[in-house]
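Look at the two complexes coming up: chain A is in both, with chain B in one and chain C in the other.
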Partner chain A sequence: MTAVIQTRHLSKSYGRVQAVHQLNLEIKRGCITAFLGRNGAGKSTTIKMLLGMIAPSAGEGTVLGLSIRDAEANREMRRRVAYVAENKPLYGYMTVGQTIRFASSFYPDWCADRAKDLVNRYELPIDRRVRLLSKGMRTKLALLLAFSRRPDLLILDEPSEGLDPVGIEELLESLAGQAAEGTTVFFSSHQIAEVERIADYVCVLERGRLMVDASLDHLRESYRRIELVFPSAPLEHDFCISGVERIREHGCAVSIFASGNADAVVERARDLHATSIEIAPVGLREIFLETVREG
Partner chain B sequence: MFFKLTPTTGQPLYLQLMQQVRHAVETGALQNGEQLPGIRTLAEELVVSPNTIAKAYSELEHEGILELRQGSGAFVCVKRRVLNLRDHMPSVQRRIRDLVDRLRDDGLQDDEIRRAFEAELLNPVEVARNA
Partner chain C sequence: MLWYKAWLETRTRFLTCLSFLVAILVFFVHHAESILPAKSNGYELMFYAHFYLAALWVLSVVLLGMGGLLRERATGVSSFTVALPVSRERLVTVRLSVGVLQAVALAIVPWIAILLVSSSNGRPFPISQACFYVLLLIGGGLVYFAVAIFVSSIVEGEYTAPAVAYGVLILVAIVCGSVSKLRTYLDLWRFITGDRYYNRTTHLLSGPFPWFGIACCGCIAAVLFLGSLRATGNQDF
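This part shows the complex of A and B:
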């Protein structure tokens, strides 16, 4: 599988603040990749660097094989990438219908039929001015402009912001549909439960650094929480095993958060005569929280 | 046919879908020759990545449960081996249950039994020879 987005040591600093630090990203073609991180982790900065909207302080990157630092390559790239920005910039004085007509004139890959479908599905008031739309309606209009194209790559920055649960469901259905047509999807989100359903891959950014970069299948199969009880309190270094990310002790009870190698932990616990061993799978929410709360 | 995938069970979604299709075939909920929803349709319905569906369908084709026909979709196609297996399944399950009961009587715990089974299955060639 080839990479649609690739970065090498991509960095951005504002004065002494490192917003993005030595990022090595590789987003696979034809897949849905979710980009998670707390507010201020550097997600939007990364996306804007990929799109050529802000210049990196250091490092390199390509999108669809085109350098993100080259202005000419950038124009070609923007023709093949649909992007929905975090703040959903639209012209407030235009109506919904005018906005759609205006956008359609810029993109050769525009599908008028699909735009019409989405207006109905999203129940957008065609004659209302954009500035009078609710936040959710505004988001839906911005999404419609992206989903009415057939881009090679779809980049969405917080696409579910302002949407109600029904809107989020419609958004995810649209993402699945776009991906089924071969579009690569890269989107940032705080909606962990939704990401867990739809994404093939997940990247977690924390303070500008990539902490997790894995397929959800791999996370599901590898991450485990292991709860152990011993006759007497064990030593922490008893569980210095690769894959053990965090150990919590409370008297004779030990809770281990492992990114892999759960079998080896269980083996060790048996050797130490554990009186109780429980292994449970770990959801993405827990993996995310453990990752961003580290250190 | 209704499928339901649970993202938090610690098992990849494509494996869950495979199990549910297999189960539907074993119970007769899906009949031989029946067509399954297209990749896009099922991905939108279950709100999962189309790659999840594609992977499950393709693995099920390898197992001889589905046939993927160019341009027209996925069809249940239960090969003779699978049909034989389906007929034998009740007796297989009975024998395994007896063995598990005996091992439990001997004082083994369930995950110890599971691990013993898994260790034994790591050598598929010998299993095939014995069979």
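This part shows the complex of A and C:
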């Protein structure tokens, strides 16, 4: 599978603050990739660098094979990418209809029929000014502008923000539909449950650094929580094994969070005469929380 | 469609300024007629009308210069604009072009109103003189508009940019007015009001049309416009 987005040592700093640090990212074609991270982790900065809105401080990157540093290539790339920004910025002085007409004029892949369908499905008031729309309606309009096209790549920055549960359900269906049509989807989100439902790949960013970059299936298969009980408290270095990410001790009980190599941990526990060994699969929420706490 | 966006963005400001200018000047010309001596041809009235027009026009074009990507960044919508598949140069150029057209309309339409009112009051004014005034206002006044555009390209904030632009213009006017050498060559205010060319005997503008002065003002405006393009191209949104 070829990479639609590729970055190499991509960095952005604001004075002494390093917003993104040496990011090596590879987003595969035709997949849905979720971009997770806490507020201020550098997700939006990364997305804006990819779209040419922010100049990187260092490093290189390509989107659809076009350099993010070259202004002309960047413009061509934006023609093939649909982007929904965080906070869903739209012109308050335009009506819904004017906004749709305005956006449609820039993209050769605009589907007027699809836009019409979405206006009806989202129940958008065509003559109302955008500044008078509710947050949810504004989000729907921003999504309509992206979904009314057939882009090669769809980049969404917290797309479900402001949507009610029905809206979120429709959004997830639309994202899955876009991916089924061959569009690569790259989206940032704080909603782990949504990510678990639709993402193929997950990237976790923490303080500008990429902590996790793997398929969701791989994460589910390899991450484990191992609860151990010993007759007497073991030493922490007994579990310095590759794959062990975090160890918590409560007297004779030890809780291990491992990104792999669970069998080796269990074997070591047996060698140390563990009286109880419990292995449990780990959900994405826990993986995320452990990763960002560790970071 | 960028033209359409620029028009929608500025039309309220533009139409408000235009209505205000026309109303004030029509009121002034209509009512000032009554205080003129009977033998007067009313030409001095036109000089004062243009003086007030120039003052209001400068205030208006600075307001029209308000906007652009930095203002959009302050209001949170710049991400939508810069994500469009158009270059930043084009975004700035379209905004400039619409602004210049509006500035021209703000100079011409009030003068047409002045001529109509003046004619209907039985004191026709030579069209060539009106054109002289209008060209001075547009040619020289574009510098004021360019200053507003440049300031809005480097100063963020919805209302900070016009406030800074007014401050800069007042400062330049004070400096140019207080230094005699600068007053001779750089007093833009005397240039656009026609004061430099006003004959106090005939109450008409006299002398050849100052093409060189207009060209100099055009160059200054062009440099400021290029500066705006460059500043916008280098910013993060």
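The rule is simple: the second predicted complex is superposed on the first by the 294 of 295 C-alpha atoms of A that agree within 3 Å, B and C clash if a C-alpha of one lies under 4 Å from a C-alpha of the other, contacts with A are read in each partner's own complex, and residues count from 1 in each chain.
By definition in this document, contacts are C-beta pairs under 8 Å (C-beta built on N, C-alpha and C of every residue); 3 or more make two chains touch, one makes a residue touch a chain.
Predicted model, so just to flag it, every value in this text is computed and none were measured.
Superposition of the two structures on chain A shows chain C fitting alongside chain B with no clash. With chain A used for the fit, chain A forms the apex of an angle whose arms reach the C-alpha centres of chain B and chain C; rounded to a multiple of 10, it measures 150°.
Using the contact criterion defined above for the overlaid structures, shared-chain residue A:L90 touches chain C, although it does not reach chain B. Of the two partner chains placed by superposition, only chain B is touched by A:A176; chain C is not.
After overlaying the two complexes on the shared chain, residue contacts for A:R293 are found with neither chain B nor chain C. In the superposed model, A:Y107 lies in contact with chain C only, and not with chain B. Of the two partner chains, chain B is the only one that A:A199 touches; chain C does not reach it.
Contacts of A:H273 after superposition on the shared chain: neither chain B nor chain C is touched.
With both structures placed on the common chain, the touch criterion links A:M53 to chain C but leaves chain B unconnected. The minimum CA-CA separation between chain B and chain C in the overlaid arrangement is 26 Å, rounded to the whole angstrom.
Comparing the two interfaces of chain A, the one with chain B and the one with chain C have no residue in common. Listed in rising order, the residues of chain A touching chain C in the complex are 48, 51-55, 71, 75-76, 78-79, 83, 85-87, 89-94, 98, 101-102, 105-107.
Across the interface of their complex, chain B is touched by residues 30-32, 169, 172-173, 176-177, 179-181, 193, 196-200, 216-217, 220-221, 223-224, 277, 280-284 of chain A. Taken in their complex, chain B has these residues touching chain A: 5, 7-14, 39-40, 43-44, 47-52, 111. For chain C in complex with chain A, the touching residues are 1, 4-5, 8-9, 12, 76-80, 82-87, 233-234, 236-237.
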